[in-house]
Amino acid sequence: MKKIINDPATVVDEALDGVAAAHADLLTLHRNPTYVTRAGAPIAGKVALVSGGGSGHEPLHVGYVGEGMLDAAVPGAVFTSPTPDQILDATKAVDGGAGVLHIVKNYTGDVLNFEMAAELAEAEGLRVSAVVVDDDVAVQDSTWTAGRRGVGGTVLLEKIAGAAAARGDDLDAVTAIAQRVNSQVRSMGMALRACTVPHSGEPSFNLAEDEMEIGIGIHGEPGRETRKLAPADEIVEILLSTIVEDLPFASGDRTLLFVNGMGGTPEVELYLAYNSARKYLHGKGIEVERSLVGNYITALEMQGMSITLLKLDDEFVELWDAPVHTVALRRGL
Amino acid sequence: MGYDAESLVAAIRALGAVIAQRRTELTQLDQEIGDGDHGENLARGFSAVLTKLRSTEPETPAKVMALVATTLISTVGGASGPLFGTAFLRGSTVLGGAAELDGALVAAGLVAARDGVVARGKAELGDKTMVDALSPAADAATKAAEAGADVAGVLAAAAEAAAAGAAATAPLQARKGRASYLGERSIGHVDPGAQSTAYILESLAASAASHATGTAV
Amino acid sequence: MKKIINDPATVVDEALDGVAAAHADLLTLHRNPTYVTRAGAPIAGKVALVSGGGSGHEPLHVGYVGEGMLDAAVPGAVFTSPTPDQILDATKAVDGGAGVLHIVKNYTGDVLNFEMAAELAEAEGLRVSAVVVDDDVAVQDSTWTAGRRGVGGTVLLEKIAGAAAARGDDLDAVTAIAQRVNSQVRSMGMALRACTVPHSGEPSFNLAEDEMEIGIGIHGEPGRETRKLAPADEIVEILLSTIVEDLPFASGDRTLLFVNGMGGTPEVELYLAYNSARKYLHGKGIEVERSLVGNYITALEMQGMSITLLKLDDEFVELWDAPVHTVALRRGL
Amino acid sequence: MGYDAESLVAAIRALGAVIAQRRTELTQLDQEIGDGDHGENLARGFSAVLTKLRSTEPETPAKVMALVATTLISTVGGASGPLFGTAFLRGSTVLGGAAELDGALVAAGLVAARDGVVARGKAELGDKTMVDALSPAADAATKAAEAGADVAGVLAAAAEAAAAGAAATAPLQARKGRASYLGERSIGHVDPGAQSTAYILESLAASAASHATGTAV
């Protein structure tokens, strides 16, 4: 296994020490249990946003802790959701009296652990609401299944809901905006090469040199389908056509186009795919009004990308453009 | 000699060793249709349980179960952490203040564990989850207890049913948990959580059996 | 070859179209010849900074075009320096009458093409000065050789010299600061896995599963030495001990520690290495006062990292902290 | 029939085809001790030259050389762009207004080209660069011209010397260009720029030879 690590068991802890040391102005790292809070937390009277999940998706979520976005992030082991006591302590640490929104990606583990934490927090008298992000159109949705995964839409939701909380919206309003983002955002991903989880030491799936995996998640899960490798334009069309039909997005719609690298994809390929995606959307009369291109929600060193499309309205644009000061997203501060 | 807290602690210690041993195998199962951490998750949890048991001596079987439950909940994470945690917690509640276990208590504990997991995870039989091992185990345990079996007998019946249930997950298409994302590609693989459930009951049954015959575990 | 591209011949052009579309507020892309200028260029009375080099190192240099950093970037083909006509036109486009500083990484191709462009620009009456960055301690320096490569130090130099130009320093002063950065900065890199240049289609070198390459550059060149893979702490020590001895850095020195990903390294490994590097420096009494961790100067999807250490003084700190607004670095704007 | 601008254009066209053919080979050489783009760089440059020659008809050999020079400079990039560009530019200057080439002019052109490359790149003989092919080629050309050789004869002598010079770079340790970063690891590989220089002269010599014998190139 080719990794710059000392010991698979201490990867996350050592990396968090690094993050805390490099960004001491922005973040505070708490231990026993582990969670990260923004400078100045709790902010009295502001709705607090707490997210979390397995590690290995960096900069998600720790990279989004700060003014205008998350108040706390709760990192689990690599690709493993955090535990209720971590989430509970983070929730209590950032509650400023206006309640706490839990932003949960729709994975059974994340949902169950956040649920247990919320029950415990409510038992202690806190107000907690939750939004479960499930934007991955690669997964067939149904009330009988675990439902769709939360992927790229999470980043956009954390930014927009964070801005709503920063401008003073109350818990119900912030929750409603978060839910509205989730209802208007769709994503799909693909991989050229799998990642290797440190404790396993083996690639999480195998692809031949001329194959790609379509519909992957962010935990090294195999996707829905293995296909022959195709040109970028074709890959983009596979992903975007599914996304566009799902919501559906229609001619005249205003959108935010987010092309995300899975961690091992060079920028030149991401911008090339972004360019291709713009052209595809242009052909459908869909307007790209805001953009995000880069590694924002990753699966360790996986090579591949995901595309996320959010339907915009004036309020979303205003909240997206609002100042933010985190490790991974910074604007106007 | 009855099956008391000390007996249960010994069984949990043996279970911890089994989990450590099965770590790689369970992780590999999870790599095929999940995210490749199930063995790692349980190993982390049970190693924390063993550490706690070095400094605590719970007085009742219920307290042993509660210790296991809270430790798993706070160290495992993932889907299996809250689910196994809930299972042990519900089991603990059923045992109440009893100083020793008997067949009926064990069966009631398994039924409560199953009901707790179903309530939390909302999986049904056939969804290709740990429920497919735990539910037949609870049913078999109930039947055995009704037939008058002792702790070892009830656990033996439960373990056998769980093993069969786990094996029977292979041809199913997953509808819950990560494996569900794979749709039809989940078919042909045993569910890791069902398999670990079977190993847990197998280990508990083996401990109870040697306890019954006075063999050291 | 596993890449999200359409055609090896058009990779850079398509990606640049994507960059220009995604960041139209910050950048203007010019064609025939190709170069990128910042919004509002030329800025009358301000010294202009122009850098450039082969593509494949993104976000370098295009990602550093904007207020407080570069006025223009000149991208060549992948790993191939741009041509004099590109550099000349970029130089003319951003000259605000106060002269232009060329920031050149020390590769024969870059040096020769920038030299030719400077000769042509001077023939047209422009004032051009140049700084050649050569911070890579992996390469033995000597007046008889091509000398050391320019690597990670380039990013820090572009930021600091850009801030000096923004505060109104004249060409000689900006050039002197740039040269001073170059004299106080040292870097060294390593790789776990090579990259694949699109037109070649083959990895630029091969390593066994238990090997790493020490002393690599940013163009997929093999390094000075192939070694057995080692724990992160040992890798960090190999790189940092060479860096520290070279300047040399001494106990009590104030530094900026920059841990850079080569494009395919997950953030968790970079922050882990950063943490290890901090500990190593702490053991030597060297103080880390500023930090940069992430993918800032890459070699496509290469897996690996480089470490750069800059000796700080008050002026460098002030200029490093000054506002900047580019695609890849943003602060206070 | 003398060796005029038209003859030289035909030779450059043939050279363009040779470079396209050698693209992969030159890139592979560069991959071993450089960054794997040398063949790509030259192919891009000469394909631009061929495109330009479709719409322009330079009147003198010097103007053909100048067209090649400026096109290479503005399309090749890398180290070899300015160096080959300089070589053709200096060669062009030496040819002046001559309508036809002769052996002496070709030799003088090669000497000027070599001097230009050395002035720009500051490499010395033995540094493992294109100079190790170009310099012996210029010397051999001078000798052949002094002995009265014609264009074909001078280029044949130059090509032979360049090929030998290129081959002789293999055991050297590079001191200039990217290969120098490898230190001792650069030993054992032929320098790509020396090899391409040899191929260029080989192609020009072949064109001159068939021109002399009236064979179509």
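Should a chain be cited, it is by its letter among A, B, C and D, assigned in written order, with residues numbered from 1 in that chain.
Keep this in mind: a residue touches a chain if its C-beta (ideal position, glycine included) is under 8 Å from a C-beta of that chain, and two chains touch if they have at least 3 such contacts.
Each chain and its UniProt protein: A, C = phosphoenolpyruvate--glycerone phosphotransferase; B, D = Dihydroxyacetone kinase DhaL subunit.
Everything quoted here is computed from the prediction, not taken from an experiment.
Inter-chain centre distance (subunit A to subunit B, centres taken as mean C-alpha positions): 33 Å.
For the pair subunit A and subunit C, the distance between C-alpha centroids works out to 29 Å. With centres taken as mean Cα positions, subunit D sits 55 Å from subunit A.
Separating the CA-averaged centres of subunit B and subunit D is a span of 76 Å.
Multi-chain contact residues, meaning those touching two or more other chains, occur in subunit A at positions 78.
If each chain is drawn as a node and touching chains are joined, the picture is a simple open line.
Interchain contacts (touch definition given at top) occur between A-B, A-C, C-D.
Those residues of subunit A lying in contact with subunit B across their complex are 33, 54, 76-85, 107-109, 112-113, 115-116, 138-140, 144-146, 149, 197, 199-200, 202, 204, 217, 219-222, 224. For subunit C in complex with subunit A, the touching residues are 1-7, 11-12, 14-19, 21-23, 55-56, 58-59, 63, 78, 192-193, 195, 209, 212, 229, 231-233, 235, 263-276, 278, 288, 291, 293, 295, 298, 300-301, 303-305, 330-333. Per the touch definition, subunit B reaches subunit A in the complex via residues 27, 31, 34-37, 40-41, 44, 73-83, 120-121, 175-178, 180-183, 185.
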